[in-house]
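Some structures to go through are shown next.
Next come two complexes built around chain A: one with chain B, the other with chain C.
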Partner chain A sequence: MALIEIENLSVTFRSKGHLVRAVQDVSLSVGDGESYGLVGESGSGKSTILRAICGLAPVTGGTIRIAGQPVPDPRGRDFSRQVQMVFQDPYASLHPRHTLDRVLSEPLAIHGVKGDADRAVMQALDDVGLPRAFRFRYPHQLSGGQRQRVAIARALMLKPRIVLLDEPTSALDASVQAEVLNLLSRLRAERGLTFLMVSHDLAVIDHMCDRVLVMQHGRAVEELNHADLAGAGMKTDYARTLFEASADRML
Partner chain B sequence: MSGAEMKRGGVIAWLREPNPHSRTQARLGQAYLSWLRMRRNPLAMVGLTIVLLLLVMAALAPWLAPHDPYVQDLTRRLLPPGTPGHLLGTDDFGRDILSRIIYGSRITLYIVVLVAVSAPVLGLLIGTVSGYFGGFVDQVLMRITDIFLAFPRLILALALVAVLGPGIENAVLAIALTAWPPYARVARAETLTVRSSDYIAAVRLQGAGAPRIIWGHVMPMCLPSVIIRVTLDMAGVILIAAGLGFLGLGVQPPLPEWGLMISSGRKFLFEQWWVATMPGLAIFIVSLGFNLLGDGLRDVLDPRNSGK
Partner chain C sequence: MSDLLTIRDLRVTFDTETGPVEAVRGVSFRLGRERLGIVGESGSGKTITGRSVLRLIRPPGRIEAAEMTFDGIDLTRISEREMRALRGPRIAMVMQDPKYSLNPVMKVGAQLTEGLRLRDRLGAAEARRKAIEALEAVQIRDPERVMEAYPHELSGGMGQRVMIAMMLIPNPDLLIADEPTSALDVTVQAEVLSILDGLVRDRGMGLIFISHDLRLVARFCDRVLVMYKGRIVEEVAAGELTRAKHPYTQGLLNCLPRIGGSRAPLPGLDRDADWARA
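This part shows the complex of A and B:
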């Protein structure tokens, strides 16, 4: 059974009187333990799908089911124990006035998780490869890559099954990108996580994902699996253009 | 290096530790960095010095004042500044003006502190709640704020004092009730910029409720601008308190409130100018001190500057 099922999802924003259709009739399903990619140019609605799943964007049509259950509205605490998200910009996703300790222990406090919070925070730092000495640092004392590791650690504090990744590496430079992607792959393997990952870079998707949905103008264009990507077996022109733009970095 | 110096060096190294070992150390380290930023601004240091002097003056008033501020001596009335024993002269009842100013700093400080702990708290609460929830809540709270903002502050304070009766507590209440709307506006504007940020989305996604988000995540971001606004407004609060005193609606005689002292010196302004001028200078210096301090704090507390 698919863990994430999205059927005919539409997201429409109302902006200054006229409607903006960010996502139109998109359907996809992600199996347990799978890594699924959403790719497309800016404004194609791929991030909006993630935000709609989390309740940060209004669902105006269609259904979203997690583990067979329609998502509740508001999403609630049970949802947050199942689904967490890593945001695109690590400079904006960490509270500038909270130490890492607070950032990482807050999810436990919200959910009243019993047990040794100190140990859990230390363990979380270890898991994402940050030194324990960083525990009481503020985000501005970290580099971009380190911040993104903190954001990943925070997303994993509640031990979710699903992690939504909104271009987790696009704000980082190339060498750090690879490190963060490897960290994500390792964590997925260790914990059996399910990833739904957004990127505009097919090379990143190729490295991380089993299947990928190509999107354009808020609509699904084509779904590709790993073999299609490797053999350049895409059927639509748009997917091919996108492929050619990043083919030299894939291999 | 002497032992004391070593100890001092140790404390600074502890404060500057890039990898703090506890929450307290991290917080104190940040405070120390802010202090270093503040020290680079000479005007802010002047402001801080004035405010600290005011604090010391109020705390040590009985020891600093050369005379009892209430004892009248009609044989020594309206003596000019520089008279032996009366550095700033005496008023129309023969009371020492310097002593009255020193004791008056207690009243000024009392009013300032009471207003500073009441109005900004109310404003911050209303502003963050309004900005965070938006929609109907925002409409209702902001219209109430508008109503309060539409009244001239002194007039509203006058009306309140007229209803409640003159006195220091009622003056404070009147000032606090008229001072909160700007804080609510500042906090709301700040909340609106923070509300849609990723770190708020992240904590909401973790299942945090509105009170936790507002208290733990939104308010810390609004606090610096509100604190700056408070220090800048302190000058205005002192002036309004003095204004109410001047009109006879605030502090009552014979308390040595500065505005009241100006009011009683008004009758002799042309012949015995010092009676009104000396407390006026005191108000001026303290207001200036709070203004300079507020300007300095703006540079130090602005979250966009942290880390530099």
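This part shows the complex of A and C:
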């Protein structure tokens, strides 16, 4: 059974009186332990799908089910224990006046997780490859890559099954991107995580995902598996255009 | 071929609380009427190098160079007034982010014609005609509408094209483009690159293309300078990039995921090697 099932999802915003259809009629399903990619250009609605899953964007049509259950509205604590998100900009997604210790222990406090919070924080730092000495630092004392490690550690504090990744490496330098992608792959293998990952970079999607949905103007264009993507086996013109524009990503 | 720009031993120093920091440490290169790429990661000094050519480093930053010559003019000696006459008409720079580099409270048309009216003393109608021509040159299909728009009403790709149009109006001999396509989608990126490419070919302009994206630069430029920690570690012909010799260049290339590549962990960059500490 699929862990994430999205059927005919539509997201419509109202802006200055007119309607913006950010996502129209998109369906997808992600199996347990799978890594699924969403790729497309800006405004294609890929990030909006992640936000709709989390309740950060209004679902105006269709259904979202996690492990067979429709997601409750508002999402609630049980949802947060299963699904967590990592955002694109590590400079904006961490509270500038909270130490890493506070950032990482807050989810435990909110969810009333019993046990040794101290040890959990240290373990989380170890897991994402940050020195324990960083525990009482503030985000501005870290580099972009280190911050993104913190954001990943925070997302994993509640031991979720699903991690939604919104362009997790696009703000990072190439060598740092490699480290963060490696970290994500390792954590997924170790913990059997399911990823739903958004990226505009086909090479990153190819490296990380088993299947990928190409999106344009809020609609699903084509779903590709890993072999189709690498072997240029796309059927629609748009997916091909995107692939050809990314030709240098094969170098 | 005569050189358009010659830079020898460029150093840019910033005085900070913890002592002087050299952001650029002895950079030398020559540029003809060609496309030169400068790549490096954040903090490598590539943007500062580009800005130095226009002497756009604010105090406490200091620019020192054994030689900085543009078309026979000694950029280290001329007055600020003479420098101002070069900026725009002779050497132009496209900044990284249209969101921050266009005036948010001025219509695009007013920004495009400002220079023409003030510098070239053109009349309103003539300036407007030239501005619309410039927008057409960067493949904007409805220039009339864009002229009347404020920057926030444009998409990133449109904003970036407006910036390029603005820099091209005075027909400069040298264009410095700092990450001109990083904020753009791949398909729009291809369009902007072909516009720049056409300008180098048709107008014989020199282009310095600053980017963090090694593969993009390799595809687009003639020569590539790779910078690390304020130095040029390697210069390669763009086509030879995969045969780059320096461990940093190789490391940068290897750590990139590839379409159809192996899914094994990506090799990291060894920052403790001898070359990295120098």
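Rule of thumb we're sticking to: the second predicted complex is superposed on the first by the 248 of 251 C-alpha atoms of A that agree within 3 Å, B and C clash if a C-alpha of one lies under 4 Å from a C-alpha of the other, contacts with A are read in each partner's own complex, and residues count from 1 in each chain.
The working rule: a residue touches a chain if its C-beta (ideal position, glycine included) is under 8 Å from a C-beta of that chain, and two chains touch if they have at least 3 such contacts.
Every value quoted in this text rests on a predicted model; they were computed, and no experiment measured them.
A.B. asks: For the three-chain model obtained by superposing on chain A, do chain B and chain C clash or fit?
C.D. replies: fit
A.B. asks: Touching A:Phe13, do we find chain B (first), chain C (second), both, or neither?
C.D. replies: Once the two structures are laid over each other on A, A:Phe13 reaches no partner at all.
A.B. asks: After the superposition on chain A, what is the angle at the C-alpha centre of chain A formed with the C-alpha centres of chain B and chain C, rounded to the nearest 10 degrees?
C.D. replies: It is 80 degrees after superposition, to the nearest 10.
A.B. asks: For A:Leu202, decide between first (touching chain B), second (touching chain C), both and neither.
C.D. replies: second
A.B. asks: Of the two partner chains, chain B (first) and chain C (second), which one does A:Ala245 touch, if any: first, second, both, or neither?
C.D. replies: Second partner only.
A.B. asks: Quick one: classify A:Ser80 as touching chain B (first), chain C (second), both or neither.
C.D. replies: In the superposition, A:Ser80 contacts chain B only.
A.B. asks: Please state the minimum Cα-Cα separation between chain B and chain C in the superposed model, rounded to the nearest whole Å.
C.D. replies: Between chain B and chain C, the shortest C-alpha distance works out to 11 Å.
A.B. asks: Across the two complexes, find the residues of chain A that touch chain B and also touch chain C.
C.D. replies: Correct list for chain A: none, the interfaces share no residue.
A.B. asks: Could you pull out which chain A residues touch chain C in their complex?
C.D. replies: By the definition above, chain A touches chain C via 41-43, 144, 173-179, 181-182, 185-186, 200, 202-204, 206-208, 229-231, 241-243, 245-251.
A.B. asks: Would you tell me which residues of chain B are touching chain A in their complex?
C.D. replies: Touching chain A: residues 18-23, 25-26, 30, 197-199, 201-208, 212, 216-217, 220-221, 303, 306-307 of chain B.
A.B. asks: In the complex formed with chain A, which residues of chain C make contact?
C.D. replies: 41-42, 155-156, 185-190, 212, 214-216, 218-219, 241-242, 251-253, 255-261, 263, 265-269
A.B. asks: Enumerate the contact residues on chain A facing chain B in the complex.
C.D. replies: 54, 56, 75-77, 79-81, 83-85, 87-89, 92-99, 101-102, 106-107, 110-111, 131, 133-138, 140-141, 151, 154, 157-158
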